[in-house]
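Just so it is clear, A, B and C label the chains in written order, and each chain counts residues from 1 on its own.
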Amino acid sequence: MDKLIVSPSPHLHSSCSTKGLMRDVLIALAPAVAVSIVFYGWRALLVLGVSVASCVLLEYLIVKYLLRKSTTVGDLSAAVTGVLLALNLPVTTPWWVVFLGALFAVGVAKMTFGGLGQNVFNPAIAGRVFLLISFPSYMTHWEAPQGLFGVDAVSGATPLGAIKEGLMQGASVPDLMAQHGWTYGQMLFSNIGGSAGEACAIAILLGFLYLVVRRVIKPWITLSILATVALVSLLFWGIDPARFTDPLFNLLTGGLLLGACFMATDYVTSPMSTAGGVVYGIGIGFITLMIRYFGSYPEGMSFAILIMNAAVPLLNIWFHQKKFGRA
Amino acid sequence: MARRTFSIGGIHPDDAKLSRNAAIEAIPLPSAVYISLAQHIGAPAKAVVAPGDKVKAGQVIAEPGGFVSAFIHSSVSGTVKSVGVCKDLSGKAAPCVEITVEGDEWVEGVDLTPDLVTDIPADGKAILEKIRLGGVVGLGGATFPTHVKLSPPPGKTCEMLIINGCECEPYLTSDERTMLEKGEQVVVGTALLSHVLGDPHAVIAVEDNKPEAIAHLRGIVERLRPLGGPYAGIEVRSLMKKYPEGGEKQLIDAVMGRQVKSGQLPIDAGAVVQNICTALAVYEAVQKNKPLVENSVTVTGKGAARQANLLVRVGTPLRHVIDCAGGLPDSIAKVVSGGPMMGKAVVNLDAPTLKGTGGLLLLTEAETRRGAEGSCIRCGKCADACPMGLEPFLLNRLARADRNDELEAASVQDCIQCGCCLYTCPANIPLLDIIAVAKARVLGIIKARAAAK
Amino acid sequence: MIASVNTLVWTVVIITGIGLLLALALFLVARRFRVEEDPRIDDVEHVMPGANCGGCGFAGCRAFAQAAVAAENLDSVYCPVGGNDVMKQVAAILGHEVVEKAPMVAVVRCNGSCTARPKTSVYDGLKSCRVKSNLYAGDTGCAYGCLGCGDCVAACRFGALSLDPETGLPVVDENKCTACGACVKTCPKGLIELRPKGPRGMRQFVSCRNRDKGPSVKKACASACIGCGICQKTCRHGAVTVTDNLAYIDPALCKLCRECEAMCPTGAIHGVNFPKPLDKEAVKARIQERQRKEREAAAAAAAAAADNEKKEA
């Protein structure tokens, strides 16, 4: 080198990069994706493909032709949004609905705020809620697991939806549980109806463990959501088991695990400090249950995350890290 | 089990101690030395020699320019060629004395024998005066005059002396080699420092990636313990490896479990911290009458011609030091004076070494070139890494907008510029670049406000 | 029907009542907490440019208006952006004498383009002059010159500064420059100076700040001031002084004769907005001719003096 490089310290950098972190999230999502394909077959693959392709393509086009900046799809964040959106949709969703969801997720929720790092709401959740409100018919009728190898296609409501409907017709929770024959084992290992990503709780937890072990995320947000849901539903269930579902049922259904492990922990839309994260998690857990128990929608995870996303700037002002030498 | 590391933040970079097995070797003298008069914190020293004067090694060539200042001695024997300015490693002009080297003659009274002198003078004041006359400054990086640090303001007492042997910067090994090769002198120097401070408990803190040094020092401490006095209160403690353990505040936290309050000095928490090499310099100044005119410099790097620890006279041109370690390979794109985390990039290889020069790190372009800056993804990794519990992402935003009040409220003045934030940032945002500038500005505002009161 | 009319009436009555109550509350509160303020502050603020640039030394236009109203006269308050036009209006409002000032413009005093001043190192930090100058002398051999990161461009609220991609140096658009001085404060090297715009925009200045000795300056930059002093010797108006190896042209004394510019060996002296390009050789010849005549006159005078002495003797 004829000219020396000069820069302020430090002179080395860790191997950690945005792309690497996003790659880790994709790896962590791989079990859930694999399980959804095994359980739901080619249609899961179709939804996934359309979702990822449209998210990446839309971001590329928006950045190139609307913002006129250098391309950002290399950081893989659009791909992560695509996978998360796909996992949050029923596999029966038509491809054009998936595309519209991606358009809202990337085009509105992400890029209008300025792209990666600037968005207030989690793009995938925003996309899903947009579809939930715009196309309720496609979004509320779920496909029960049908499988790559099976042929017994059964469609119906999700457990939470069935309970909500049943309660409105005057039935009690234990009756409904018995009527549908759901078991917790089923919920853990093979789904009983829901979006593509909910097929198997174990697959999601596996991904979550990977993220924690790789130090991509800290576990506190997820744990505080799960703990809040468990404790609050325990309280209600203890008061009236005929009206309120039990804690384990609440933890294992309605996309709660997927949301708690992958959506609520999104860097951009969650608080920076651990204390803020715990409060954020408590908020999500509580709001989710309130919607499930008292709201008109059967499940509330997406709404709860969106509501708490909006509170994040406030939490970032209220909660800071403990400073050294300042009591 | 005592706490073994500091409580907030920190990172674990690869320690890359490539040169740890290279014994310290004295290098041939250069043809001329350029001794900077501003190589300590505080007022520059005032030259007391004129061009044409003959000087011997160890002779005073500049006197302190204020209370916080230090004596400067000639590191070689020869003729003063000029008293003026020379460019320092960052290309900025610094006051400097140029001496042409002729032979290697030392002033009277300097004991150059390797014999160990363990007797501690009874009078602490006398020790302090010898440290002052020896031009000893802190060799851990800040080069704060040692005698000033050893004179606590009235009403404050030192409860613990901590000798910093952490060498938490990756790559650097000169402290480790000093502990292994001059362990006895370091321990005697520790006893001397401790005696000046009224014989408090003294802890030599070493990170556990240097087990040989820890064992070696423990053996010496046990051997010398029967001598009593300050020797009885010396302990060697192994700390968990974590950067920046060698930061003064972090070290006090790790060893004593006390956090120096913001804006206060270590002595306010009852601690005085000195570097291993400072202890050695104190030993030489007090027991051997040898002022601080040479120090050990690590020359290392994955792309370096060879890994070396060199004993270098103060004022030797950096180019000469690098040449003694095999020269500068073509692949080297950056030369850093100091460690990779806090060292300064060298632009002028003709600049001289200073008392505080501890290492020259040679980096290739692939190792050191910064990645393209991306968007902040609010991952919070910088805040997790910050050992002062600050929020670099926030400071970065405020600093770019010049919002000084908010910067002060966010404690930018507490930043120790360790570089953990920038090292960690996945988006390669140059956090510390701008935070360091903002910190200097806010400190200036705080000082001006205090002066106005 | 009757019921609905009743509803309508009641609605109107209640809403009106609430409205009146709130209006009363507002009126009372406004009276209770009214701040007595000189109405001229509003008047002055009204004629200000409204840029809130701080170029006057106050926080913004309103702060300036307050200071101007409070001040005894207008000696210490001047809006550089609005210039004499605005100050005349302010003076009219306040009934003070107007203090007219010559219009100023920002001048960048560095000449070291990429070709004249070759890079000696590669800077790899944040693109900010503050950061860069904090770190080291700069990526060229000159420790005084432009760092080229454009802090001044970012500081300018009027879009008057831009970096010339060719030279790497900032360029002032004098039509947009309001001489607010933001760039002057921002430049860590102190390169930018506010100078009088000059008659028809014509002005001369030394475009260099390097105070090193000649030989080392020459090595670093081909177009720097080397402190040779030729300009000082050439100038017949005493406008040029060389201190610390650096020439400076006092705008108050400069007569814009361009002789120094013609004589400068490195081209460090700039003249702008002159109607004709400088014919260096002609000016040099003129100066040499004049100097020859002066020498002859001096010699003749010396001879005459010697003659006189002889005669007296």
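Going forward, a residue touches a chain if its C-beta (ideal position, glycine included) is under 8 Å from a C-beta of that chain, and two chains touch if they have at least 3 such contacts.
Keep in mind that this is a model prediction, so the values were computed, not measured.
Placing every chain at the mean of its C-alpha atoms, the farthest one from chain B is found to be A. Between A-C and B-C, more contacting C-beta pairs join the chains of B-C.
Spacing of chain A relative to chain B, judged by their CA centroids, is 49 angstrom. In this assembly, the C-alpha centroid of chain A lies 56 Å from the C-alpha centroid of chain C.
Per-chain Cα centroids separate chain B from chain C by 43 Å. Taken residue by residue, chain A touches two or more other chains at 4-8, whereas all remaining positions touch fewer.
Counting partner chains per residue, chain B has residues 90, 333, 345, 347, 368-370, 430, 433, 436 touching two or more of them. Residue positions of chain C touching 2 or more other chains: 120-122, 124-126, 131, 134-136, 139. Here chain C touches chain B in the complex through residues 120-122, 124-126, 128, 130-131, 134-139, 143, going by the rule given at the top. Taken together, the chain B residues at the contact with chain C in this complex read 87, 90-93, 333, 345, 347, 368-370, 430, 433-434, 436-437, 440. Those residues of chain B that touch chain A in the complex are listed here as 7-8, 11, 13, 90, 170, 249, 253, 259-262, 264, 330-336, 340-347, 349, 361, 363, 365, 367-371, 374-381, 383, 386-391, 393, 411, 414, 417, 419, 422-428, 430, 432-433, 436. Across the complex, chain C is touched by residues 3-8 of chain A. Across the complex, chain B is touched by residues 1, 4-14, 16-18, 20-21, 72, 75, 77, 115-118, 267-268, 270, 272-273, 320-327 of chain A.
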